[in-house]
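The structure under discussion is supplied below as C-alpha cells; questions concerning it will follow.
In order of appearance the chains are A, B and C, and numbering begins at 1 in each one.
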Amino acid sequence: MKKLLLATALTAISASAAFAAGHGTTIRMGTEGAYPPYNFLNDAGEVDGFERELGDELCARAELTCEWVTNEWDSIIPNLVSGNYDTIIAGMSITDERDEVIDFTQNYTQPDPSAFLAMSDSVDLEGGVIAAQTGTIQASFIASTGATLLEFATPDETIAAVRNGEVDAVLADKGFLEPFDAENADLMFVGDDVLLGGGIGMGIRESDPELKAKFDAAIQSMKDDGTLNALIEKWLPGSATF
Amino acid sequence: MFSYCTDPSTLSGLTWLSCYLTTGKHIAFYASFGTVMLLLAITAPAALTFGFLGAMAARSHIAPLRWIGKIYTAMVRGIPDIAFFLFVPIALDQGLEYLRHRWKCPDWGEAVRQGNDFVVCAEAKLPLSTAPQWVHEGYGFTLAVLAFAFVFGAFAANVLYGAMQAVPKAQIETAAAYGMTQRQSFWRILVPQMWVYALPGLSNLWQILVKATPLLFLLGIEDIVYWARELGGSKTARFSDYPHGDWRMWYFLGLLVFYLLLTWLSEKGFSRLMTRLSHGQATMAGEAQRKAAA
Amino acid sequence: MSCTETIQDYALRSIGFGERLLPRSDFTLCEQFVLIGSGLIWNVYFGAFALIFGFFLATAVALGKASPNAALRKPAEWFIFVFRGSPLFIQFFLAYFFFIQLKALSSFFDPFTSAWLGALVVLFLNTSAYAGEIFYGALRSVPKGDLEAADAYGLSGWTKFRRVTWPTMLRLAWPSYTNEAIFLFHATTLVFFAGFPAFQQRGDALYYAQYFADKTFNPFIPYPIVAFYFILLTLSVIAVFGTINRRLNRHLVAVDRPKLRVRPNLLR
C-alpha cells in the first residue's frame, strides 16, 4: 500500500540543466502537492509553490540533480524511511516525535503560528468540532484539548468541511489558511494563534548524514545572502523572516 | 493549450471551459483513464492464469497441492478484498527486499526488523533508490497489478473449478476409453469445453474487476479518483488561473458515468461472446441455436 | 499495561467509550487485537442494518422490475443499473458530496454527512439493488405449477403473493442472497476509505488495521487480525442464513433441500 511509491505526474526536472550534466547523483524530493502556498500542483500538473522554488535553489547550490515526487501526507514518513525518496520537503514542522524517526535539516522558516479559520467568530474553539489534517502537529494539538477532532486526509478537505458546516473551525498553518481568509468573505480567522513546532525543515533519513550536511549548508547559504527571506516574502507574506 | 488561453481571467463561458479542460492537470486526468484500462488489460489475463493454476491445484491428486488450491479459492469468501489490496503489495515488497537482502548482503550484522523499522541494505532496495522515476512508478504499478491478480485469481479459480466440474463426465470417460492419458484428456477434452460453462462466471468477475479499479487509489497510484479529487477541490485565484469552488461532485459524477458505460458495454460484449461460444455446444443455448437454424 | 486494561480502555473505543487517545508507540499484540475488534462493531452495524432495511426495498424493486407497468418497471431497472453498474467506492464519494449539498437546504440532512447514517444509506441502497436483481431472477423462476395450484385454491392478489409467490421466491433466492450478505459485510470496510471522515478516530476494523500498519510499518500483524475477524463474521453470517434457509425449506424432503453453496459471485 503506502509503501508503494506514489507515482507522480512530474517529470524529472533538474534544478539547473547546466549543472545536471556535471554530476550524477539524483535526489528524489518527496512532497505532498496539496498544501498551497508551500507546495501544490499548478494548472500544468507540476509541483509548484514556496518549497518547489526553495528546493530547486537548494539543489542547485548543493550541486544535486533533483526530481520531484508526490506522496500522500499520512504515509510520507514511512515512505522516506523505506527509501522511496530521499527527502521530505512538504511543510513539515520539526517536532521531537518526528525527530525520533527521521532527521531534520535546520529550519527554513521561522516557527509559523497555526490559526483557526471558521465561518463565524462565535464558534467554540474549546468544546466545538475542529478539523485538522491527519498526522499533523495541529491534529495532535486538538486531540490534547477539549475540542472534538475530526481528521481529514488532505488539507483541501479540511477547508471544505468548514464551508459545509461539518466542523466549526479548522486548525492549520497560518500561511496555508491566509489565502482562504483573504479571498473569501465568509471565512475568517478566529481565536488566538497557537505556536506549534519548531519551524519547517527538510526531513532526511537518519542514515543519510551526508545529504543532511549538504542541505544544511545550502540552507545556511540562502539564509546568509538573503535569498531565503526574499522567497518567504514572495510566497508567505506576513511570515517572520530570518 | 489553445492560443487564446494565455489569460483565462478574461474569458468566460465555453471558451473558458475549453481552456480549463485542456490544462496540463486535466491532460494527466485523461491519461489516468489509460492507467485504469491498462490495469484491466494486464490484470484480466494475469488473474485468469492465477485462477487456472488455482483450479488445477484444487483438482490435484497430490494432497498438499489440493489443500493449497482449496485454501486459496476459499480465502476470498471470508476476507474482504480490500484487506488484500492493502496487504499484498506491502507484504510482497518487503518479502522481495528480504530475499534480495539475504542474497546481496550476507554479511549484514543487524536484524532486518528493528522495532518499527524494516531495514535492508541499500543494494537490496526495490527499486534501487538511484533508479529513475519511471522505474519507481512501474514497480508500484506492477505490485498493484499483482495484488489485483492475486485476489481476482482466487475468484477465477472458483469459477474455473466449477466449470471443470460441469463438463459432462461422459466426455472424460469417452476420452479414457479412447486410450487418452489423464493429461491428454485434461488438455484436449476438458479445457476446450469448460469455457462455455465458465463464461457467465467470468463475465461476472470482469464486472467486479471493473468496479474494483477505483481501489487503485488506495494503493497510491495516481488514478482517476486521485485526479478527480485533486481537480475538483476548490482553487483560489492565487495559485491557479482557473479559480473555482468545490467541484468534486461533478468530477465524481463524470466517473460514475464512465463506469456505467464501461459495465454496460462489457455486458453487451459478453452476451455476444456467449452466443458465439454456445454454438454447437451440448447446452440449452446451443440447442436453441440449432433449432433456430433448422 | 496489561491486556485486561487494554480491553477496558479500547474495547469500545470505536463507538466513543474508553481511552480517547489511540496508542501511539510500543504497540502490543493485545492492543491491535482489541482495537481492530472494536472497529468490527461498525462493520456489523453497517452490514446488519443495511441488510434488514435493504431486504424490504429489494422486494419492492424486484416486484417493480417484474411489473408489466412501465412507470414501475423503468425506475426499478434504472435503480438496479446505476447501483450495480458503478463501483461502491464512487457511490460513497458521490453520496457524501450530495449529502453536503442537501445539508445546505435543510438541517434535516445534518446527520447524513456522518458515516453512521450517510454510509448506511448508501449501503442500504446498494444492497437493495443487488438483492433486488437476485429476487427478480428468483421471481421469474417461481414454478408455473405453484402459481396454477394457488389459482385452483382460489387464492388471488395479496393472499396469493404472501402465501405462495413470495415464500417461493425467497426460497429460490436464498443461496444467492446469502452471498450478497457476505459480500455486503466485506463492502462495509470501504466506508472510511471513501469520503466519509472518521469522527474522533472512531473507525471500522480496517481503519484501525491501517492505522497500525502505517505506524508499525508491519503489515503482517494487523491485516491477518482483520482477516481472522472477518472469517469469524463470515462464518456467523453463513450460520444465521443457513438456519433461515432450513426454515424456508422445512416442507421439502431432505434430498430436495438446496444446500447453501457460498460462492463469490457478487461483489462490488
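The rule is short, and it goes like this: a residue touches a chain if its C-beta (ideal position, glycine included) is under 8 Å from a C-beta of that chain, and two chains touch if they have at least 3 such contacts.
Given the structure is predicted, the values throughout are model-derived calculations rather than measurements.
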item: Of A-C and B-C, whichever chain pair has more C-beta contact pairs; value: B-C
item: Relative to subunit A, chain with the most remote C-alpha centre; value: C
item: Most central chain, Cα average position; value: B
item: Where subunit A and subunit B are represented by their mean Cα positions, the distance between them in whole Å; value: 34
item: Chain centre separation (subunit A, subunit C; CA means) in Å; value: 40
item: Length of the line joining the C-alpha centres of subunit B and subunit C, rounded to whole Å; value: 24
item: Contacts with two or more other chains, residues of subunit B listed in rising order; value: 86-87, 90, 94, 117-118, 218, 246, 248
item: Set of subunit C residues in contact with two or more other chains; value: 210, 213, 217, 219
item: Touching two or more other chains - residues of subunit A; value: 1-3, 75, 81-82, 157
item: Subunit B to subunit C touching residues, read off their complex; value: 76-83, 86-87, 90-91, 94, 113, 116-118, 155, 158, 162, 201, 204, 208, 210-215, 217-218, 225, 246, 248-249, 252-253, 255-256, 259-260, 263-264
item: Subunit A - residues contacting subunit B, complex; value: 1-12, 26, 28, 34, 36-37, 40-46, 48-49, 67, 69-72, 75, 81-84, 86, 154, 156-157, 159-160, 163, 179-180, 183
item: Residues on subunit A engaged by subunit C in the complex (per definition of touch); value: 1-3, 74-75, 78, 81-82, 143, 148-152, 157, 161, 164-166
item: Residues of subunit C touching subunit B in the complex; value: 81-82, 84-91, 93-94, 97-98, 101, 182, 185-187, 189-190, 193, 206, 209-210, 213, 215-220, 223, 226-227, 230-231, 234-235, 262-268
item: In the complex with subunit A, residue positions of subunit B that touch it; value: 23-25, 27-28, 85-87, 89-90, 93-94, 117-118, 122, 125, 129-130, 132-133, 136-137, 139-141, 143-144, 218-222, 229-230, 233-234, 236-242, 246, 248
